[in-house]
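There are two complexes below, and they share chain A, which is joined by chain B in the first and by chain C in the second.
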Partner chain A sequence: MTPAPDSDQSPVNRARFDQQSADQQQNSDSGPFRKSIFHDSGFRWWHEVAVFVLLVLVLMVAQELVPGFLNPRSQLLLSRHVWEMALISLGMMLIIITAGIDLSVGSTMGLCAVAFGVSFEMTSSILLSCLFCVLTGFGCGALNGALISRWRLHPLIVTLATYAAYRGIAEGWSQGHSWSGFGASFSQLSRGRLLGIPYPGLTFFALTVIAAIVLWKTPAGKHLSAMGYNEKAARFSGIRVDLNRFLLFCISGTLSGLAAVFYVARFDTAKADAGEGFELDAITAVVAGGTSIFGGRGNVIGTILGLLLIHETRQFVGRYWGIEELKSIFVGGLLISFVLIYQFLRPSGQRV
Partner chain B sequence: MSQLPLRGWSRLLARRDIGILLLIAVTTAVVGFMDSRFISLDVWLGIFIRSAPTMIVACGVMAVILTGEIDISAGSLMALLAAVMGLLISQSKAALSLWIGIPAVLALGTAIGTGTGLLVSYGRVPSLVATLGLMTALRGLTTIVMGGKNIDGLPPALQDAAKRGWFGVPVSVWVASLVVLMTSLLFYRMPLGRRIYAAGSSPASARAAGLHIQRIQVFTFAWAGFLTAVATLVDVPRLPWIESGIGSDLELLVITCVVVGGVSISGGRGDLSSVLAAVVLMTMIRPVLTFLDVGEMGEKWTRAIQGVFILLAVIADQISIRFLWRKSAKVRR
Partner chain C sequence: MTVRVFSSLRRIFPAVIGLLMLAGCQDSGSSSTGSQDAVAGDAESDSESADAPSSRSGKIRICLLPKIKGISYFSSCFNGAREAADELGNVELIYDGPTDGDPRKQAEMIEQWTIEGVDVICVSPNAPDVVANAMKDAREAGIHVITWDADGTPESREFFINQATAQSIGEGMVRAMVSDLGSETEGEVVIISSDATSANQNTWIEAMKPALEKSKLKLATIKYPGENSSNALADAQDVIRKYNQLKGIFGISSVSFPGAAEAVEQSGLNGKVLVTGLSTPNDMKKFVQNGTVKSVILWNTVDLGYLTVYAAESLASGKLKSGAMSLKAGRLGEKQIVGDHVLLGDIIVFTKDNIDHYDF
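Presenting the complex of A and B:
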């Protein structure tokens, strides 16, 4: 057994050490001493720096090829497309830090949108509909969380099931019907601005600040990454793993509900196909932002950079070539290449 | 589960395939009682024709899941392969001979599968992420390859085989039986099959026993890609034309079948017969809904029913594992 590289004896580092040494035993072909050069220098922000450089490159190329791409007004206009995905990515980041995954977020949005439409038809009150929409999201998330933490089921399989189930319920409930005509004051929710920033953006930034404080400044944040590094070790050190996991999925569901409200407000239409494909975009943004898909590592700054990178790339590709499908090729390619890059930059042995 | 020391009835309980077959029998009896037309050769041939491509793909994806990985790119891969097949052999396009077109499609499917396998095993990209990325990328690529238009005019020989086939049974059912036979030989009679199980049930001990887990993974992904190509060749010519939406949600259906069939998502556990029974069960949902005469409204619930089935299957797994462990503990004493 090789000595631990970290002399720090905090539970988190000890958990990481357990996993590393276990892995080094397994990876006999890569040798126990193979270390990443980036890890040795002690600088932990390589991934964020890499994403930032890439983002600047994309923006420079875009400005060169599409004149006026960078001017603030067009950027603000384009930003309408990003806020719902951003809200969802925030919940997704927290879940992926704990080595989980939530594939059902897009379908939850669809179900929430239908819930919004149905309750608007019944009560014709915007406020009640919004409340019902967010509550539906919370319920969807709570069901995911309960199944995963109470029954100890695999998050991947549970959320894959609810990915089908929520979308299916949305389709069956709405029967292809769509609701619209919610009034001008409601669409102000997505268009209106305060200090030049649209309301969905403000919501996102407020929640981001809260997430950052929780992750960096509270014990709960440390608990989350401990869960991601080594769940068993986290359980033994007294962290309430099941409760935390349940709450995380509730948060993710609620954020999807909130995103659905903004989505409905933006298109002025509530339909079962709301948020289709959002799960992929959110996962891509989070992973591109340096959150390890194996759990443990991840932060808010990286996620924002990842979001920006995905968003700007999509907008640039869409505007320059004008082919919708190219966007999905770029997003899929980015996702795979980022995980590949991460695997080369990572400290050795940090695997599932 | 089947390795647990059990006696009598609890041994039957541990078998997933018997449970699913019972469920199929009960459903058939109930629906047949309400509408006697349901118990006829035509309806069941229809169910088997519809389940054939799912069965073929499930044989591949099951191998991937047995090693503890996952492949959710099957549907998009099928769309791309269908588009390529159309471009190569359709009379309105390149109009190549079938002897070139069919091997080319098989080779492309295997190549993409191998590429995914290399990414997952040697590139260490988690399979969920790799195939999620591939799923969108391939779907986009398909639309671009097809240029936004549907492709028609497949050679009549291929369409005939897919629609009428031999002895009134379409070729897809014959091929599906062949694939099932080959897969069961692979899983239960060949060393490679046992290695697939070993790699999934405990990677560390498999490695210690000298197995090349990475090579096994590459093989399973290549196998899945190859079988997807087979399914494309036998099933797509049934359709009047090739469109870019082919195979949407196929990956979900296949994974549903594999999970309902009792294959553990963390690898190493599950048998082929249960998966095949699960494919028939999941394919039955739509005809049953039709026969219950719930109309257009009911059809829209198909996806919801699928999702609920996955959840029920995994919960049933958990309950039966706990129950059977207690039983087997008694036997051991």
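Presenting the complex of A and C:
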């Protein structure tokens, strides 16, 4: 669990060297003006700072227009709406860092929810149903991972296929049926709070800390960025690219299963349409948080900021105008303008 | 030239960010003191009290939550609700709902209104179990919760504004079908419902089954396309292809009824397969005029919205309490309350002769 030694023998440094030389190439190509002061200072957090500023702006406007918007109690209560997406974004971030993508997470949640309902009907045990639900998620992720790493298929194609297939299986298996009546104590799993923070939020923070440690403090984290920067170089440097990729999809599937448990508990309903559209929401949050869709760059702080930005914008629009469909328009508009402004001001070499 | 402008902008950027961050620090500083207060408050009481002052304008804030926003059934309810709010004068009416009929969005909207501390929330739940927790939280926070158009779980609301009893709706539809077909006609009928979780449709189906058993018609199947018109159309086309003894289709939601009528018309079976069910007269006028549909069954939806707002206002101002036997509702006069159901009245059967007199 020690940081990778700072020698040129380390595969990561080699990968980073590739990237740096590519950057330099680009800089010298496009003249002196491309050389930004950001780049010179070596400060690597410009994207996070920019998202943070935008978030603060949104919060300030919201507090001005909706009195009591920033009240921490209501913020924490309404945070219930975001934790399932947050859990999924965590797995998504890890995959996007390796230049992959997982479009099947929402459908996996649907299949997990049905698995939950079916096993509850058979065993009427909440514990077994939760276990089965998470295992189903793991299985879905493992299948994705196996297809992608064993046959070297592109993650986009594989998960696009399983996106359709998992949802189809969920709908066929449940035949439109939905299960509910899991009891008040089970719904406390999503609605109950410790120190004001809902349990799913605590789960998310615990997992985020683990992800942050892995990304920043272990060789495994460096391997993931190396895979994203240059997969071929990573392979030649002895990084077990296929194994890592397989494990990442297992993690993403398991997180979807966990998110499905919270989702079922929150609405006291297990139905095949659980998690519809979550894959795109999660990708939006991750990308808004500064994870490069081309791989290599990304961190948990950015992802949390991206999640917060989307969640707070939705909440503000919902409370100020009270029109449901304005929410998505605003989130979309905000992201486009952010990416455009950032692209315009970005430090050279960093792609959004 | 442009390049130079870009680069100078880049140079200003850190300064701008610095300023904004300063502003941000001040802002988070003030909110963190607020958070300590709130934590202390949290320890004292665990009930989820609302943070906002209970009304911005001194008016009673009533939220009207339809199953799905933008379909003519609920828009006509909203017209009646607006009429009542204007008459009462002391009411701020908030009308919002999901555009896709997703009950989970309903639950999230109830949670948000609870935080805002509105006075009354009137819900037409699309799936009672999904919204029950949110409705119970709202009640614990001291907000009045009633259901209208569709009922929720009993402990989640104080009153249900009931448009017409399930018995009168279910039997009314079967009676209309039997008399339109001729009471001696034998054959199969199908029901095209809404979601499998819709409490309304399910209770109507339970009332229709015994009535159908007494007739010479046989119920072949029930389809659940959800609140989705293209699914309803596809389901109707399926049953037309599959059952060759088909005499009639019941479209028992305002979305599935026009869908079923459309399917019959497209397959050229007007007059051979009869469609009846529940929808607003405006949506069905063209089908009634060309003979695909002979009877449309519904209650007065404008009055339903009107009565809901009157009931909500009476609850908030203390005029209506549990155990009351009647409710004064403006132009509707005294309305009877049975148990915790406020009754609107009976169904209306729209036919070729009277449908043009209604506009909703």
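Points to keep in mind about this one:
One rule holds in what follows: the second predicted complex is superposed on the first by the 295 of 352 C-alpha atoms of A that agree within 3 Å, B and C clash if a C-alpha of one lies under 4 Å from a C-alpha of the other, contacts with A are read in each partner's own complex, and residues count from 1 in each chain.
By definition in this document, a residue touches a chain if its C-beta (ideal position, glycine included) is under 8 Å from a C-beta of that chain, and two chains touch if they have at least 3 such contacts.
Please read these numbers as outputs of a predicted model, since none were measured by experiment.
In the superposed pair of complexes, A:151 makes contact with chain B only, with no contact to chain C. After overlaying the two complexes on the shared chain, residue contacts for A:98 are found with neither chain B nor chain C. Look at A:136: by the touch rule set out above, it reaches neither chain B nor chain C. By the touch criterion defined above, A:68 lies against chain C but remains apart from chain B after alignment on the C-alpha atoms of chain A.
Within the superposed three-chain model, A:176 lies in touch with chain B and with chain C [touch as defined at top].
In the superposed pair of complexes, A:57 makes contact with chain C only, with no contact to chain B.
Within the superposed three-chain model, A:325 lies in touch with chain B and with chain C [touch as defined at top]. In the superposition on chain A, A:80 contacts chain C only, with no contact to chain B. Judged by the document's definition of touching, chain A residues 176, 323, 325 lie at the interface with chain B and also at the interface with chain C.
On the side of chain B, the complex with chain A involves touching residues 70, 119, 123-126, 128-130, 132-141, 143-144, 203-204, 207, 252, 255-256, 259, 265-266, 296-297, 300-308, 310-311, 314-315, 318. The part of chain A that touches chain C in the complex is made up of residues 33, 36-38, 49-50, 52-53, 56-57, 59-60, 63, 67-68, 70-74, 77-78, 80-81, 176-178, 180-181, 187, 191, 195-196, 266-269, 315, 318-319, 322-325, 344-345. Listing the residues of chain A that touch chain B in their complex gives 25-26, 28, 101, 147, 151-154, 156-158, 160-169, 171-172, 175-176, 277, 280, 283-284, 287, 293-294, 323, 325-329, 331-336, 339-340, 343, 351-352. The touching residues of chain C, counted against chain A in their complex, run 3-4, 6-7, 9-11, 13-14, 17, 20-21, 23-24, 27-28, 31, 34-35, 38-39, 41-42, 48, 51-53, 69, 94, 96-99, 103-105, 107-109, 111-112, 115-116, 127, 129-130, 132-133, 137, 196-197, 224.
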